[in-house]
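Shared chain: chain A. Partners: chain B in the first complex, chain C in the second.
On to the complex of A and B.
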């Protein structure tokens, strides 16, 4: 799983480059575990290139959220396709995560 | 889902010319069926008509005497061992008996396929188990033992386990057998909800007519090892086939005979 990271005025923007499924979610978990170990306070995950997230992926994002909450960090998501957004809705995770439609909105909302 | 719409979808499970002989007796005689992506396909028929045997062929548990079985575009007829395991990871199976492990908690039963077949961390698996149990309405029951929950709840735990690995297809063997009418309706609704929400293809073997007509996008009537008819619930209800009508109406009189003829009886006695 390739993830591109950039810092935008203290906000860590992580762009996922492929689907998050049972094969790739351990990599995603390891990647974000490093960021949460460093207590990054603002993380924005970009789903623009993601067509599908399975339940292991959804659970991984919940774990990242839980880890960040322990030190008061904020996690936001953006650019979810209708299909991926639907997967968050089915599992009611759309009520847990702040999901922005566009990057500018997401960045200004931190 | 409309019948015409289904015909446009890709085939995810198929049996071609499937024949099964057990000890000289033909149990399935040339079955041809296609199940399409996202549909709820019901295989109905009386006890001993071969429907559970057909299901066991479709998941690779039995090998046909002749004919082929395809799952998700792959011919699995001759698959064994690791090859078959790889295909099975993409399907879920809900057993008639629920088949929970009595020595494991509800949560451990649901997490079993994830612990056995993935490298996911325990913390991630625990979150997945909570999500799956929420989908079947049993969140909060993680720590109970199977002996501490009702038959209907066991069925739901079995379904949560069947969807643990996000399968493309879930097979249900008599999902409402042994349940009271309300719990049977709960299971039917759950099967439909999961199919719709998670885009799962459901293949349901049952003789429960309420279930058949309530959940089937398409229905196949199996009788004496052959497919008599395939159609939507409306088409099956309006079938001109006397055997189909006898079955859906639960009539004693009709082509399906329950007793040997008197002539056979006397012949056997005097032979």
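On to the complex of A and C.
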């Protein structure tokens, strides 16, 4: 799984480059574990290139959320397709995560 | 393209993707909507994942049986593992309270909500799922 990272005025923007499923979830988990170990306070995950997420992917995002919560970090998600967003809605995880439609909205609301 | 398929695969997540991709390719060739294909994709992989991880306990020596039947109106998918089964009623609702923060327990819930008909047999070792291509 390729993830491109950039810093935008203290907000770590992580752009996922492929689907988050049973095979790629461990990589995604390891990647964000490093960021949360460094206590990155603001993380924005870009789903623009993500067409598919399974329950292991959803669990991975829950874990990132929980890790960040331990030190008061703030996590946001953006650019979810309707289908992927639907999975967050079915599982009620849209109540847990802040999900922005566009990058500008996400960045300005941190 | 055969309407029916019956195979047995090893307990391996890469095979899971291979089988799933095969079914999705067949559906794409049948003029099925992207939304329905997505639902079947998630439902099928969650059933396979449950069978391999929870049913077969990630044991590489165990197998998963898969049957599919595709018509012009619907697809039926059957997934069976070699585990001891489970009690569906004992599964907590993953959308309630602190369960929202749990890292497991969403697979069965997703299957229930994405597929049109879901039935567990053989004490939960076998799941039979049906998805219609048009809205009911």
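Simple rule for what comes next: the second predicted complex is superposed on the first by the 110 of 110 C-alpha atoms of A that agree within 3 Å, B and C clash if a C-alpha of one lies under 4 Å from a C-alpha of the other, contacts with A are read in each partner's own complex, and residues count from 1 in each chain.
Just so we're on the same page, contacts are C-beta pairs under 8 Å (C-beta built on N, C-alpha and C of every residue); 3 or more make two chains touch, one makes a residue touch a chain.
Here the structure is a predicted model, which is why all the values come from computation and not from measurement.
Q: Check chain A with both chain B and chain C modelled on it and let me know: fit or clash.
A: Here chain B and chain C cannot both sit on chain A without a clash.
Q: With the two complexes superposed on chain A, say which partner A:101 touches: chain B (first), chain C (second), both, or neither.
A: So A:101 meets neither chain B nor chain C here.
Q: Can you tell me whether chain B or chain C touches more residues on chain A?
A: After superposition, C is the partner touching more of chain A.
Q: Between chain B (first) and chain C (second), which does A:4 come into contact with in this model arrangement: first, second, both, or neither?
A: Neither: A:4 stays clear of chain B and chain C.
Q: Classify the contacts of A:26 with the two partner chains as first (chain B alone), second (chain C alone), both, or neither.
A: In the superposition, A:26 contacts chain B only.
Q: Which parts of chain A are touched by chain B and by chain C alike?
A: The overlap between the chain B and chain C interfaces on chain A comprises residues 21-22, 54-56, 58-59, 62-63, 90-92.
Q: Can you tell me which positions in chain B touch chain A when the two form their complex?
A: Touch residues, chain B against chain A: 114, 118-121, 123-125, 127-128, 131-132, 134-135, 165-166, 197-198.
Q: Considering the complex alone, what residue numbers of chain A touch chain B?
A: 21-22, 25-26, 29, 54-56, 58-60, 62-63, 90-92
Q: Using the touch definition from the top, list the residues of chain C that touch chain A in their complex.
A: 13-14, 16-17, 34-35, 38, 41-42, 45-46, 49, 94-95, 100-104, 106-107, 109-110, 113-114
Q: So in the complex, the part of chain A that touches chain C is made up of which residues?
A: 21-23, 52, 54-56, 58-59, 62-63, 65-66, 83, 87, 90-93, 95-96
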